[in-house]
Each structure stands twice: as C-alpha cells, then as structure tokens.
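Some structures are shown below for you to check.
Shared chain: chain A. Partners: chain B in the first complex, chain C in the second.
Moving on to the complex of A and B:
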C-alpha cells in the first residue's frame, strides 16, 4: 500500500466511523440511560451506568403500569402479518408485471409507481373514513391493510428489478419441463429471490414497527395499542417519566435489531448483487 | 419419436420480420442442424418449435399433430439451452426429476429414468451435487440428462457447446452423436459453428436473415451449394469468389472470362452471352500448376502454417485477396507470384441473383 492509498483508506474509515457514531449514538444513549436512576439520566447523560447509578426502575414501572406485553404482541402481529402480505403480494405482482404482457399492465405498473411517490399519509382522512364505514375502526386489521398498501409499491419496484436479473432461460426450461406457472413462481423464482426478499423485508418492517401516525388515528382502545403508541402514555404534558420512556423505547428497538442481525447477510447480498455481477 | 413439419412459419416483432415463410420437414429420427450467422433467427425458430414463442403465422406439426396452440410441455419436446438453465437451488437429481413430478411420472419410474440417464452421461457420482459445484462440461451433461429423462419425441438443442472450451467441445460433440445413435430420436440442433453442423447433421438447414437458404446433406451443401450465401458460409476458409461474364457461346460451351482469372469453358446450359456471373473456388481445391479448367494468378502476401496444410493469402490482379490451401512442407514465400489451378468439377458458377448455375460439370 502506498502512502497515498493509506491516507485515502484512513480518511474513508474516519468518515464511516463518524457516520456510525452519529447513527448508533442516540440508540446507545437511550439504551444506556434506560438502566440508570432518574437523577443520573439528567446528571450525567453520557456516562454508562455504574454500581451507584444502575437501576431497573424504568423496566419495573413499564411492566407494572402498562400492558407492555400486549402492545408488544400487537406490534409484532401487525408488523409480521403486514410484512408477510407485502412480500407475498409484492413478489407475485412483480413477477406478473415483469413476466406477462396483458391488457393494462403498463397502466398498472405506472399506477403502482405513483404509490412510491405519493406518501400514504396524505390519504389519512379518507383512510379513516373508509375504515369507519367498513367497521374496521380500532382493529389491528385496519393497520395491516394500511401498511400493506404502504409497503407494496416499493417492494414491487425492488423485486421487479431482481426478477429481471433471473435468467429468462430458467423460466423457459421450467415451462418445457411442464411446471405450472404458479409452481414456477414459488419453486423456481421465489427461492432465487431470497436476498431481494430479505432486503424488502427490512425496508418494510422498520417503518411499520416505528410508525406512530396510523396507530394514533386508527386505534383508540388500549387493547389495540402498539409499542410506539404505548410509550406515549409515559410522555406527559407536564411530567414525563423518563425512566419508563427510555425502558419502553429500548424494548421497542430490540426486535428491529434482532431482525436486522438475522437478515443482514442476505440483506448485504441483496444490496450489492446488482452492482457486482 | 416423431417427425416434424413446419409450414409457412412467420415471426414478426413489430415491423421487423425475424422469420420469413419458413418451410421445413424433418423425418422421424433425423438429426437436423440449423446453422447460420448470429441473429438470423435460429433460436427463434427453435423456441417456436418448443412453444416458448408464439408464431405470427404458419403451422407446426409434431408427430402429425398440429401443436400451434399447445403449451411446451404438451408438445413432446425437451430443450437444452445454451446457458444450460439448471435450477441453481436444486441438486443434479432434483434438477432432472423436478419436471417429471408435474407430468404424472410415478416416483419409481422417475428414479429409474434418472439412474439410466446418469449412467449414460456418467453423472452417477454427481447426483447429489449442486450446479455451482460442477464444471462447464458436467453442467452440460446434466442439462442433456434433464432432457433425456423426459423421454421426448423431439430434442431441441440451442448452441449447447458454445460455452465450452475447444477440447471439451470436441468430446461433447462426439457424445451427442453417440447419444443420437443410442436414442434414435429426432433432434433439432442450433449452432453457428459450421464444423459442428457438418460433423453432427444428417441434414443441415442453412439460414440467413430469417429465411432458409438451403437444406441438404452436409457434403451436398459443400459440393453443390445452392447459392452464394451457402457457398460462402459452408467451408473454412470461405470460398473465393471472382466476378465474371459470359463472353461467347459456341457449340454448347460458354466462354466465361473475368479480370482476375484466365478464361474458363463451361457447359452453356441456361447461360446466355453477356450474363454477369460469379465464379467460386474453394481454397482447398486450388493447387499450384499451369494446366487446369480454372487458373488464377496472385502475389503471395501472407502464409499461415497450420502443419498439415498452410493457407496462402494472395493478392489478385484486380487488387482483392484470395486464399489457397498449400499442402506439405514447401510453402510459397511472400512476394512470390504463383499460378493456382482448379479442376472443372471444383468450379462453382453463380448467376447475377446469386443462384447456382448447373453447368453439368458434376
């Protein structure tokens, strides 16, 4: 390595380290402080907990005074069901739009790409009315429906790109073999889409899990609250129970991190597969 | 096993015509090779036989049955792709049996067919491997195995050897020929390589720009090409062409002259005085000498030595080049002026529209 290369490499790493600190810092801060007593949170917010400041009071309060486990399971149900539907319908739609030419296929593709550009929140009022009249107000189903609609356009867009990279000969070979179209999709195409599906899964899950807006307007009773909404009850207008807020937030972060760790290898393969042939 | 009949087949993509009135009849058990330059529509024709692409017009019959509207799997065909198209996430055994599940072949029968194909193609050791762990030649054999287990009426091959290195290409070529002898099935085989075509085919179909130029036995195409395109395409190095004119006709013999060769007498047949012709002679039919029906002179510019034979590139008097094969150890030196002659059966005459003129020399 020449000095010039070394200098380049060091500067690139400095930038990446700085970016990582910026991204991870707040999360680390939240998790760290959730294990401290209230006075230490404000006294020395940047210090890790030590023997004198360590406390689980936040977690105790969260479990005692709220239905955190219920919120948790609500969030999990909504996120996982939405993800499964987005992936299933997204992959099927992407396959249909890239593989078959049918009347209106171009219009349909265009319509779906509009969904990428127009934020779904613009339709909040209409969605609320629709859910009301459909009797789905204050149900998890309403959330799932909204999130599927929100996630589909992008997932179709990404998966179409990946499907186009699967050699055409493979589908033709399967057709010559007499494999029915639906089985070609599920047994030849879908297994080859695994990295892409992992990528789309992460991109779908994170915004759903973190969403506060739609739970706020579509759910009202405690039994349908999600984690992000449940945390709000510790944020008061006059007093905020920071111990509980930080503890609940830490717990809310956990599943996303776990899913990311599980999918990260596939995710990286998915992100780079277009770049390196 | 079955015969194959193609009638007035057309394929258009928008305004571009890819196949133009293709008519072809293939006998039961025949090995037919479609050959032609890249982009002439060979793959398209094969895919239409397979049912992967629809026709813009015309009929395809397999085993006497009109198959225009049948799906690929219902046509009794199996196709081997240039890219092999093995399912990457299935091992060799699964690659071969996957399709059989859907065509109602019972499991024991599937196993029997796989075992037999594996024995025939020396794949027994590889059955549990995945495509990524196979060499190019092995993948090729798996692709052929996958076609064999379907026990099709017609095998379709699309440039199956073009991804192999030269040595493997030769040995796989021999294997495919053996396979045809063993299975006695109808095979339609696409290649742009004329050596493959000549060595494998019972009959060759030469295609150009979406049309069939000539159909015939390999040596018939070589010795009696129907037109300039086939004459130039079959044979390597390509046939030499010389512009010529009919100077006079006398007593049933036509005197053909041109700027770059000495006058030539051929049977007059359908020729008339003043006709513009092209005279063709293959490099391997030219020998050094003075006496011959055809004689041309040139200055040697370059000699390619291949061992048994060498190719001399000569500049003609009209400034263009021609090639002659020289056998043995004595090769002409660059700069030398050489006269090359050919016997009259080896001289091909084509008329102004490029069609072969029967001059009764063969």
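Moving on to the complex of A and C:
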C-alpha cells in the first residue's frame, strides 16, 4: 500500500467510525444512564456507571409501577403467533401461485401485492368498527388478525422467489412416487424454505414488535398492552422521573438489541437479498 | 410461464386443482381480503356518510370532502398537516438518501475491513421502535439534561444550542432529522446490495482506463443503482405520508408547539379519535384516510409511470 492509499483508507474508516458513533451513541447513552443514580445522570451524563453511581432504582420502579412483564408476554404472543401464521399461510399461497397454473392467477397475485405498498393503517376506521361488532375489541386476537393481513403480501412475494429457486426435480420425483400434493408441500417444499424465515422475519416481526398504531387503536385496557404501547404510556405518566424513564426505555431497547446482534448476519442477508429484486 | 409447469399439475383434473387451490390459497386470501382490502374499501365508503349524535348514519356524498377542503375549521389544519408532511418528506429526501448513498458507497469500496461490523452498527437504530427512538432523542435534546448543549460546548459551538424540539420554527425539522437518523439504514442497505451486484468487469475496465474511485462512483456505480434509488424514494414517500408514531410519542396527539409538527398521520388520529379540543368523528376520519390513500396512490403512480419507465433496467 502506498502512503496515499493508506491515507485514503484511514479517512474512509474515520468517516465510518464517526457515523457508527452517531448511530449507537444515543442508544448507549440511554442504556448507560439507566444504571446510575439520579445525581450522576445529571452530573456526568457521559460517564459510565461506577461503584458509587451504580443503581437499579429505575428498574425497581418500572417493575413496581407497571406491568412490564405482562406487556412483554403480550408482545411475544402477538409477534410469534402472527409470524407463524404469516409464514404458514404465506408459504402455502406462494406455493399455489408459483406451482399451479389457473385462470386469474396473475390477477390474484396483483390483488395480493396491493398490500405491499398501501398501508393497512388507512383502513383503521373500518377495522375498529369490525372488531367492535365482532366482539374482538381490546383482544390480542384482533392485533394478530390485522398483523397477519399486513404481513402476508410481502411474505408471499419473498417466499415465491424462494420457491422458484427450489429444483423442479424434487417435487416431480415425489409426484412420480404418487405422494399427494399436500404432503409434497409440507414434507418436501416447506423444510427447504427455512432460509427464507430470516428474510420474512425482517419484514414482519420487526414492524409488529415495534408497532404503536394498532395497539393504540385496538387495545384499551392495561392487560392487552404490548411493550411499545405500555412503555409509551408509562413514559408519558412518569416523564419527570428520569430513573424510571431511562430504565423503561432500556428495557424496551435491550431485548431487540440482543436478538439483533445474535441474528444480524441473517437479518441483513435477508434484507439485502429479498428487497432488491 | 408454461415451462415452469411440471407435467403432473398440467394433467390434474379440474376438481382436484380447485380443491388444492382452495386449501393453499384460502386462508391467506380470506384473512388478507377481510382485514386489509375490505377495511380500505369500507373506510372509503364510510367517508361518504355522516353520523348525528345519536349514531345514525346518513349518506352525504362528497360533502365530507367539501368540508375538509373548504371549511376553514377543517381546511386550515388539513393544509397545515399536508404542508408539514411535505417538509418532513423533503428533509428525508435531501438528507436520508444522500447520507445512505454515501455510506453505501464507502462500504462498497474495495479493501475496506470491518464492513460487517459497520453495517451492523449503522443499521441498529432502524430496528428499534420509533417510540423509543423519539423519546431517547427527546431526552438527549432536552435542556434539562444538557447532553446536547454540553456536546456543542465541548466543540466550541455552545451558543448554537436551542431547545429545538420545543421551538415552533425548528421542531418539525428536528423531528424529521430524528426520523432520518433512525431510517438511514434502509437506503444504505438497499443501495449497498445494489452496488455489490454491479459486475466487477465494469469497475475493472474503468480502473484500467485510469478513473479514480470518486469518478468511478459518480459516473459508473451511481447511474447503475438509480432504479434502487427511485425504489428507496417511493418507499420513503409511502412511509412519510403514513408516519404517526414519532410525532405522537414526542409531541402527543396535538403535535405541538401550536400544531407546528402536525402531519397527516396525527391529523387523522385526532380527527378519528378526538382529543382535548374536539370529539372523535369516524366519518370525517374516514374522509381524511381516503385523502391520504389518494396521496399515496398518486406517489405510487408517479413512480410506476414516470420513474420506472424512464429508467433503463440493466440486466446484471
């Protein structure tokens, strides 16, 4: 490497490091200060907690004055059930659309793709009316139904691409052996779709877990709040209690960060492979 | 695509095929139609009704839209929200996309180490909930905590600090920049992936011709990723004209100060659900949602008919 090349490489890294700091700095700041006593939060916000400033008082208050664990379990139930249904129904529909030829298949594919671009949020007035008349208002079921409808178009789109890449010989061999179509899908095709799960997950799990709009509109009681809504309401209520506010924010941040760091390779691969086409 | 059909499915009896289609497509089509398409249509239908205090509904045609666009009580906040939404979108287009392109360009340079690490870190904010991001920045920019003013003082710019989120003149742009900070990862990732798809031979040929990295980027790479940039733009458009969470969590439903940060999403929420100043009005809410739908549709059509057609697709 010549000196000029080295200088250029260093300046590229400097820019990337600077932007990385800008990206994680605010998150680190919030998480770091959530472990400190109030005087240290204000006295030296940039210093990490040490033995004299470390405190879990914010977390104690959050546990005492909100149902944070209930919110977590609500979010977990809604997200996992929605994702399972999106994957199952999405894969089944993608299979039928790519494998069988029938009249109207193109129109149906277009109909299903409307939801990729048009936000379902715009139908909220009618969704609330429907849920009220079906008696599903203020239930997790209502959220799951909406999220499945929201996630299906993108997952069908992505899974169709995956199914097209599966070698044709595989299912044709099974057909020659007389295996019924439904078993071909569940026993031959479905297991091969495992790598697609990460891609679908980026487009379904993350928006569902982070959504504020539908919990705000469809759930009213504390027992059906998700983490995002629960923390949002808690923050509004305890806005002057900085320990609690920082702790509640950190408790919403940390699970997402941990899962993201574990899965980031697959998530990013999924994002870049699925959305470019 | 006839060649993709295997002979077995082509020979299948009609009744059997119909049964299979019902089994495989049924659940997805039913849930999607019932909870996504039907509500959109029903909301549009509802926008042509009005309800009296007893709850009885009567058909009024386009009167709700006349009220929304013509009655000063409604039209003033509506145009204010639309204007603010345009500013919100403009900031995204002028800051988020150029920064995303620049970061993607740097990451795609040859022989840059630690790419995976930078990518992971820079994409992190995009994974977080908008509520959390908005509130965290609210604390950081708060004069009470003094982190932002302290940071500016440290570099000698202390006099520049102002409570940006609280001032009518700067609140909207500040919120837009917070949103940019969060979502810059999306253009970065999509454009990075597109840059990686450019064939090596093209870049090598340019290098042999003596072009530097900067000129290679602007003259060869950038034109080749234009389709991705326009895709990113339309994604940004749809997301921005449907945004709500950030403004609501930082500024509340009233989008203060003095409605300076009110965008269509918060205006829709207030109209539909009501707030301290007014009662909720589902039929007017439906009218606002319908207008938002047509704005988004207009953006999508512009993208499909103008941008997508003019750009030549390069076969990679």
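Here is the rule we use: the second predicted complex is superposed on the first by the 213 of 277 C-alpha atoms of A that agree within 3 Å, B and C clash if a C-alpha of one lies under 4 Å from a C-alpha of the other, contacts with A are read in each partner's own complex, and residues count from 1 in each chain.
In the analysis below, a contact is a pair of C-beta atoms (placed from the backbone, for glycine too) under 8 Å apart; a residue touches a chain by one contact, two chains touch by 3 or more.
Everything numeric here is computed off the predicted structure, so don't read it as measured data.
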Contacts of A:172 with chain B and chain C, given as first, second, both or neither: both
Partner chain in contact with A:212 - chain B first, chain C second, else both or neither: second
Partner chain in contact with A:97 - chain B first, chain C second, else both or neither: second
Chain B versus chain C as contact partner of A:192, first or second or both or neither: first
Partner, of chain C and chain B, that touches more residues belonging to chain A: C
Partner chain(s) touched by A:110 [first = chain B, second = chain C, both, neither]: neither
Chain B versus chain C as contact partner of A:183, first or second or both or neither: first
Doubly contacted residues of chain A, that is, touched by chain B and again by chain C: 172, 175-176
Touching residues on chain A, where the partner in the complex is chain B: 167, 169-170, 172-180, 183, 187-188, 191-192
Of all residues in chain B, those that touch chain A in their complex: 47, 50-52, 71-74, 77-79, 81-89, 98-99, 102-103, 146, 150
Residue ranges of chain A touching chain C (in the complex, touch as defined): 8-9, 12-13, 15-16, 19-20, 22-24, 26-27, 29-30, 41-42, 45-46, 85, 88-90, 92-93, 95-102, 108, 111-112, 114-115, 117-130, 145-146, 148-150, 152-153, 156, 164, 168, 171-172, 175-176, 181-182, 185, 206, 209-210, 212-213, 216-217, 228, 231-232, 235-236, 242, 245-246, 249, 252-253, 256-257, 260-261, 264-265, 268, 271-273, 275-276
Chain A partner contacts - residues on chain C that touch it in the complex: 2, 4-10, 12, 17, 20-21, 23-25, 27-29, 31-32, 34-43, 46, 103, 106-107, 109, 111-112, 114, 116, 118-125, 127-132, 135-137, 139-140, 145-147, 150, 181, 189-190, 192-194, 196-197, 213, 228, 238, 242, 244-245, 248-249, 252, 272-273, 282, 285-286, 289-290, 292-293, 296-297, 300
